[in-house]
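Here it is, the structure in full.
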Amino acid sequence: MEHRWGMVIDEDRCTGCEACVAACHAENNIATVGDDQAARGRAMHWIRVERYYEGNFPDIKVKFRPVPCQECSDAPCEPVCPTYASYHNPEGLNAQIYNRCIGTRYCANACPYLVRFFNFLNPVWDKPLNLQFNPDVSVRSVGIMEKCTFCIQRIKTAEIKAQAEKRPLKEGEFNPACVQSCPAEAMVFGDLNDPKSKVSRLSRSSRATKLLPELGTHPKVTYLKRDTWDNGQNA
Amino acid sequence: MDRRNFLKISAVGSATVALDACGKPEHQLIHFIPEEELIPGVAEWKPGVCTQCPAGCGLHVRVMEGEAEVTRHGQLGLLNMGLAKKLEGNPGHPVNQGRLCAWGQAGLQVTYNPDRIRFPLKRSGPRGSGEYQEITWEEAIKELVSHLSSLKSPGKPLPLAFLTGPLYDHRSVLIEHFLEALGASPAVRYEFFEQTVLCRANELSFGHHQLPTFDLANANYVISFGADFLGTWNSPVAQNLGYGTMRQGRPGHRGKFVQVEARMSQTGANADEWVYAKPGTEGLLALGVAHVILSEKLRIAEAAGEAGACIDGWSKGLPDHTPEAVAKMTGVEAGRIQRLAREMAAHTPAVAIIGGAPLAQTNGLANALAANALNGLLGSVEKPGGIFFTPQPPMPGLTDPKKGLSVRALAEGIRSGSAPVEALLIYNANPVFGSPTAWRLQEALGKVSFIASFGSFVDETSILSDLILPDHSYLESWVDNIPQSGTTEAVASLAPPAMSPLHHTRSTPDVLLDVAHQLGGNVGKALPWKTYQDMLQAAFDSLRSHPGSVSAKASDDFWSEVQEKGGWWSAEITKSPARRGAKSSAAPAKVAEPQFDGSPQEYPFNFLPYASLQFGDGRHANLPWMQEMPDTISTAMWSVWLEINPETADRLGIKQGDLLEVASQHGKLQAPALIAPGIAPDVVAMPVGQGHESYGRYASQRGANPIKILAAQTEPETGALAWASTRVKITRVGKKGQLILFAGGLREWPREYRHR
Amino acid sequence: MDKTPEQINQDLLRPLYHASWRFYVALVILGSLVAAAFFAWGYQIYNGIGVSGLDRPVFWAFYITNFVFWIGISHAGTLISAILRVSNATWRRPVTRCAEAITVFALSISAMFPLIHLGRPWLFFWLIPYPSERGIWPQFRSPLLWDFFAINTYLIGSVTFLLLPSFPDFALIRDRASGWRKKVYGIASLGWRGTPKQWHRLEMAMRIMAVAIIPVAVSVHTIVSWDFAMAPVPGWHSTIFGPYFVAGAIFSGIAALIIAMAMLRKLLHLEEYLKPIHFDYLGKLLLVMSLLWFYFVFAERLTTWYGNFPSEMAVFWVTQSGRFSKLFWTMIFCNFIIPVPILAIKNLRTKIGWTVVASIPVIVGMWLERFLIIVPSLSHKYLPYNFGTYRPSWVEITITIGTFAGMALLYLLFSRVFPIISIWELKLGLQKKVEAAPALASQEPATEQP
Amino acid sequence: MESIKGNEMNAIYGLYPDPDSAQRALNVLERAQGELGFQDRDIAVLSGEPYEEYGFGHRDHKTRMPWIAALGGVVGGLSGWWFVSFTQKSYPLISGGMHLVTKWSDGIITYELTMLGAILTTLFTLLILARIPDWSGRKLYDPAISNGKILIGVTNPPEKARGELGKRLLAAGAETVKEYAR
C-alpha cells in the first residue's frame, strides 16, 4: 500500500522541553553555527518549539508549539525551485535533494512556515565532533537549503527491512527522531493512508487543526489545540 | 594482551608510516588493528545508562563502524571502531520508558568533545595557569599513591578529602570503602541544586530520606510549588511521561495543573492556572490551602499523619493560616486560596509538588514540610496519583552514604586550620564554579598541598589540581545507577562500555581500585575486586535470588542478561523500607516568612537563579548542541540574560538587550536584560550555567555566573545553601549585551497584526 | 545659422577623437569602484554567501533589490525609444540611442545579480535547459526560469535594437577615419554601402523590432514582479504587481534617461542637439508615470489595509509606522512629493536643471521601493515567532555601489566609441523638416536661432 | 571627368550634391537604358541617408519582411511550447500539487520564445536581404556619400557607351563624374 506519512502534535501535551530539537540535531547532522552566526539569525533548527505569550502578569499564559516541516500536500516551496531540488516524493514528502540545490533560496521565501534553513557558510565540526555524524544522512555544505525530512533515512531503512522480511510495515515500527524522543508523547507519527493508524485517528480529533490552514497548503502535520480544564472533564 | 597489541601496532605502524608518510595529516597517522568485528553501515543498539543528570535514565546507544583518531598506548592513530552515533531512551527502562531529554540526547558531545583531556596530566606551571605536561598512567598512579601513603595523622582522621557529586551507584560504595579503609572522613558531596532540604523533609514527613516520585499519570489535580518538574528538576523524563498521560492520556478525562511561583518557568508555562506567590511564601500558601480543607471539614487533620505532626498547629487546624492571613503574606487573594483548596479536595487524587526555589530559602525545610503535610492531608501518600518513594534494590553494599562535610564546612575547616587537608581528590564535581564567592572555597583550596582530579575537562576546579587522571566518558566505561526517584519499581541500571575509549583515559573506579591495591594493606583488603566490572558483577549477582526483570538463574546467564536489558528492575519490590533518621531538632516546624539578604530599600529585587534548560547547573555548558538549543521561554542561544518584568523595565528605562549590572552585597555581575512578561515586578531571574572561566572552547568566557554573587545564607537545619534568598539592585551599564534570541515575536497576535 | 551635414558629423564625432583629462579621472575613479565590487564578489564566492547580511527569514535583500532596480532602469531605453518610434515622434531622434544604450547596460548589470545572489554560483548553468547527464530539465514552473527566458529575449532584442541603426554611422566613421579606426569601424559597419534597398530594409527591420520589443519589455518586468507575486508571502501575493512593476520600471527608466542625457549634454557639449524641449517632453512623461506610480501604491495599500488580513497587516504596519516607516516615507517623498510639483509647473519643467532635480530623487525612491517590497515582507512573514530583521554587510554595499559605478563607466566608454546620437536619423530629420509640424520644427538643430 | 584604371570595380557614376539633381540623373539613366544598352539592375544608387520621398530612394521597395518575422515568431512559439511540455513529461516530477504539464506557466515560456523567434528572424532576414556583412570592398562605393553626396551611376557599363554616359551624368548636375575600369 502507498504510504502517506503524517504527524500529529498535541499542544496540550507539549511541555517545551526541547528534547525534539536536540534529537533532531543528533539524528540529522545539523550544523552548529556558533554564536556569531546565531546572532545574525542563521541558527538551524529543523524543528523548533514556538513560544507565544497570552495576557499580562500575573494572569499570563504561554502556548508551546513544536514546528517541524509541515510536509504540505500542495507545497509552495516545490514549484518555485528552478532545479527541482525541492520536489514531492512518491510518499508525499517535500524532499530536498541537496546536490541539486544551487541556493536561490526561493523555496525558503515561498514557505509560509519558515521551516527551511540555509547553509550561509560551510559548517565547521571541531574534531572529534565529526565522529558523531549519522552515516545515513549527508552533511550539507555552503550554499545549500536544508529542511526536516521526517527522518526519511529511518523511513527507508524500515521499508527496506520490511521488504526483505516480505511483510508490511508495522505501525510504530519506527519514528522520526523528534517523535521517538518526546518525553511527554506529544508527537505521533504514522501513515495517513491507514485509517486505523493512531495518527489518522488523532487527526480526526475535535481538537485537530492545521497551521495557517487558510493558505491551502494542506499540511500533513496536524495540531491538537491546547485543551482547557473544566472540573476534570475535557472542555 | 597489551603487549601483543603493542607488537601488532608497532608492526603495522612502521609499515603504514613507511607507506603513506605524505599527503593529508590523517594519512600520516598509523592504522591500528581493529579491536572488534563490525559490518560497515549496520547499526547495533547497545544498552547504556545516562549520567547527564542524577535521574539515571536507561539508554539505547546506536553504534556503527567508523574510522576514528584514537590514542592507544600513548600513540595517536586511526582505528576502525564502533562509534556511538545516537542516544535514545531504553524502551524497557522503568524510569524513561524509551524517552530521553535534550541533555541525554546531547550526551554524544561529552564523549566526542574536542576539549576532553586525552592523557594523564601533571601540573607544570603555577596553580590555575592550566599548564600541564602529559605523563603516563604508571607515573600518574605512582604519584597519587606516593602522596596518599605519605599522609599521616595519629589519632585524627587522615587529612584527606574526597570531593564528589551526588553518586547513586557503586562508585559511591567503592569510594566509601576506599576512604574508610584509608581512615579518612567520608566523601564530601556537592552540587549547586542540592536536594538535601527536600530529602530531609521527606525523611521527617514520610520517613524516606529520598527524592519523591509522583504518579502524575493517575493524578487529577497537580499543584506544584516552584518545582520545574517538566524541565530540569528531579526526574524530568519520567515526570513528562506522567504529565502527558494526565493531560491527554485518559480519554474524556483531563487533570488540572496549577503552578505556584514568582517567575514563570518552562514548567509554569504549561499550567492551566499560574499563581504568583511572593518568593519563599509557597509553604504558607500550602498551609492556607490546608487550613481551608480542614476548616471546611473536607478532610480530617489526622489524615496527614506524621507529615501533619511535623507542622506547628496542625492538629488545631492551623489557626494562624486563615486564607486572609495567608493572602497578606503570599499576595494570593483569599478567595483564590479557597477555590484552589476546594478544587483540590474535590478532584482527588491530587498531589502537591515542591522543589527548586521554595526550598532554597531560609524557611526552605518548613516550606517542604508544609507541602508534604498537604499531600498527607489529601491522602495521596503512596496512593495512585500521589507521591511515592522509589524502593531501593536489595544490594548488600548499597547502604545510605555516610553524611560527609558540606563543601562550605570543608572550606572553613581548611582556612581556619581546624580541619586541615593535605590531599584532596576531586571527582565529578565542580564546586569552584558552583559555590558563592562568599564561601571563599578557592582560597581554601590554595591551602591544600596536593589536589588530584579525575575530571574529563579542565574546569574551574580541576584547573587548580596538581594531577589530572582523566576518566572515560560514560559511553566508554562500565556504568551502573540506582534511580532515587522517577519510578515505583526498584531499579538497578547497568551498562557495559558501548564503545572503546577514544583517548588515553582510564575509568576512575578502576584507577581507585588500582591505587588501593598499590597502597596494599587493609586498603587493598577492603577493595578485593580486580576491576569495577568485577565489583558490579558481584553486586548484581546478589539480585539473582529476587523476582525481577531478569529471568536467568545461572550466574553467568543472569549477568549477561542484565547487560542486554540494561539493568535489573522489579515490580514486586514496591515498598522501600522506611529510613527514619533523627527527629527534627526544632519540631514541630513553624513556617516562618523567609529572610532575605540585603535591605529592600537598597536592594529592591529578589534575585532568582534557576537551573537552565540548556545547561542544568552549568555542567552541560561545554556541549555546542546545548549552547545553540534555544531555551524555550527566552529562546536565547549562546547567551546569559537577566529576566525582568516589562513594567519594571519601562519604569527603569531598560530595553531588551541593555547590559545591566546586577549587584548584591557580595558581588556584582553584568548581563543583558530580557523583557519577560512572566516574572514578578520585584523579582529578577537569571539562569545558572554560563559564565565559566575555564570549561573548554564553547563555555569559557561566555556570560556571567549568578552563583558568584549569592549570599552565604543557608537553610538553618540542613545547612543547605539558600540560593534564592539574595536581594540585588540593577543599574544600566549603558551599552548592549550579547543576547542572541532565536525568536522574533513574543505573541501570536502582535501589535502589527491588529487593525488600526 | 544652419547646421550642414558636415558640421553635424564634426559635432557628433568629436567625442570619439578628443577626450579631456576629466574623462581619464572619471575612468580611474569608476574603474576602481567597479574593481572593488568585483573583489567583494570574489570574496563572497570564496567564503560563501554568508559574508552578506542575509539571514533567516530575510533570504533575499540587497542583491534582488538591485536586480529589480536595474531591470527597471533598463526600461528607459528600448521601451521608450520603441514607443517613440512606433508613434513616430520626430523629437525622438537625438534621444533614442542614448536611451537604448542605457537598456543594454542596465540589463547586463541586472542580469549579473541572479548569479551574485546564488548560494552556489558555480552551478548557475543548471538554470539553462540543456540535455545533461543528470537527465533532468529545469523546472519551467519556476518564475526564475521565466526570468531566465524573458531577460535573455529582452537582452538579445535590445542589443539588436541598439546595433541595427548603428551600421550606417559606423560606415560614416569608416569613411572619415584613417588608420586603425578605419579598419575597426570598417568591420563594424559590416560593409554598409547605403543602397536604397539597404536603407529600406533597415527601416523596415527597425519598425518590426519596435513593435516586437514593446511587449517583450512589458513581459520582462511583469515576470520580474511575478518572482514575488507567485510566492504566498504577505505583501507579495498580489495581482496588481505586474502593471505596478512595469509602471515603476518606466518611471525609474525615464528618470535615469533624463539624468544621463543631461550629463551627456554637458560633457559632450551637445547643447544644440539635446535641447530643453526634449527634457520638457521627457519631464511630462515622468510626471505621468509619477502619478501612475502613486496610483498603484495607493490602490495596493488601500486594499491591503481594508482587507485587514492579519499577516498582511503585519507587513503593512511595519512599513507604515514600524521599523521600516522612515524608508517608506522617504520613498513617497522622493517618488511623488518632490517630482510632481516640479514637473507640473511648466517654467520649472522646461528648465533642464529642474527636471534633473526631479529625477535624482526618483532614482533613490525607486530603489527604496524595491527594497521595501522585498525586506519587510520577508522579515514579517506569518508566524511572529520567526519575525526577523536584516542589516546589509560591506560586501553587499560595495557591490551595490559598484553597479552604479559600472553603469557610469560603461556609458562613458560607450560615448567614446559610438556616436551618442544617431547621425543618419538626425540628418533624416533635417531633410524632413518641411513636412514636420511647426511645433516640432524648433527641435531640429538647423532651425535653431541663437 | 577623372577615370581610374586597373580597379576591381567597373563602373561610371556621378556624385550629386542634393536629392533633386540626383533624381534628375536617375531619370536620365532610366531613359537612356535601351539606347546605351544597359539594364535597370546595373543602375547604382548610394546615399549617406535614406531619401524616402524621392524616386531614387524608392527603388526595389517591395519586401515580405513582416510576414517572415511573423512566421519566425510562430515557429519560435510552437517549438517553445513543445520543448517545455516535452521536458515536463520526459522526467515527470510532481511539484506543488500541480499538473505534470502546467499550461498557464508554460504559456509564459511560449510567449517569450515567440518574441525571440520574431526578433532573430527579423535580424537575419535583414542581414540576408541587405547583403551584409560584406567586407570584400569589391562593390561600387564612394566615401563622398558620407558628406551628404548622392551617388548615381551604372555598373559594368558597355565600353562604347562610357563617354556618352559620363556626359549625361555631368549634364544632370553631377559635381564630379568618376569612371572605374579594369
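By letter and in written order, the chains are A, B, C and D; residue numbering begins at 1 in each of them.
Just so it is clear, a residue touches a chain if its C-beta (ideal position, glycine included) is under 8 Å from a C-beta of that chain, and two chains touch if they have at least 3 such contacts.
Keep in mind that this is a model prediction, so the values were computed, not measured.
Distance from per-chain Cα centroids to the pooled protein Cα centroid is smallest for A. Chain centres here are Cα averages; for subunit A and subunit C they lie 44 Å apart. We define each chain's centre as the mean of its Cα atoms; on that basis subunit A and subunit D are separated by 66 Å. In this assembly, the C-alpha centroid of subunit C lies 32 Å from the C-alpha centroid of subunit D.
Taking each chain's centre as the mean of its C-alpha atoms, subunit B lies 92 Å from subunit D.
In subunit B, the residues that touch at least two other chains are 635, 743, 745-748. The set of subunit C residues that touch two or more partner chains comprises 136, 138-139, 141, 145, 384-386, 388-389.
Among the residues of subunit D, those in touch with two or more other chains are 93, 95-96, 98. The set of touching chain pairs reads A-B, A-C, A-D, B-C, C-D, using the touch definition from the header.
Listing the residues of subunit A that touch subunit B in their complex gives 10, 12-13, 15-19, 21-23, 25-27, 32-35, 38-39, 43, 45, 48-54, 56-58, 60-64, 126-129, 131-135, 177, 180-186, 224, 227-229, 231-234. Taken together, the subunit B residues at the contact with subunit C in this complex read 635, 743-756. The touching residues of subunit A, counted against subunit D in their complex, run 73-79, 81, 84, 86-88, 218. On the subunit D side of its complex with subunit C, the touching residues are 19, 44-51, 56-61, 63, 65-66, 69, 73, 83-84, 87-88, 90-91, 93, 95-96, 98, 102, 105-106, 108-109, 111-113, 115-116, 118-120, 122-123, 125-127, 129-137, 139-141, 143, 145-148.
Across the complex, subunit A is touched by residues 41, 64, 66, 68-69, 83-89, 96, 98-106, 108-109, 112-114, 220, 230-231, 236-237, 240-241, 243-245, 247-249, 252-256, 264, 266-267, 269-270, 272, 274-276, 346-347, 502, 613, 624-633, 635, 637-639, 645-647, 677-681, 697, 702, 738, 740, 742-743, 745-748 of subunit B.
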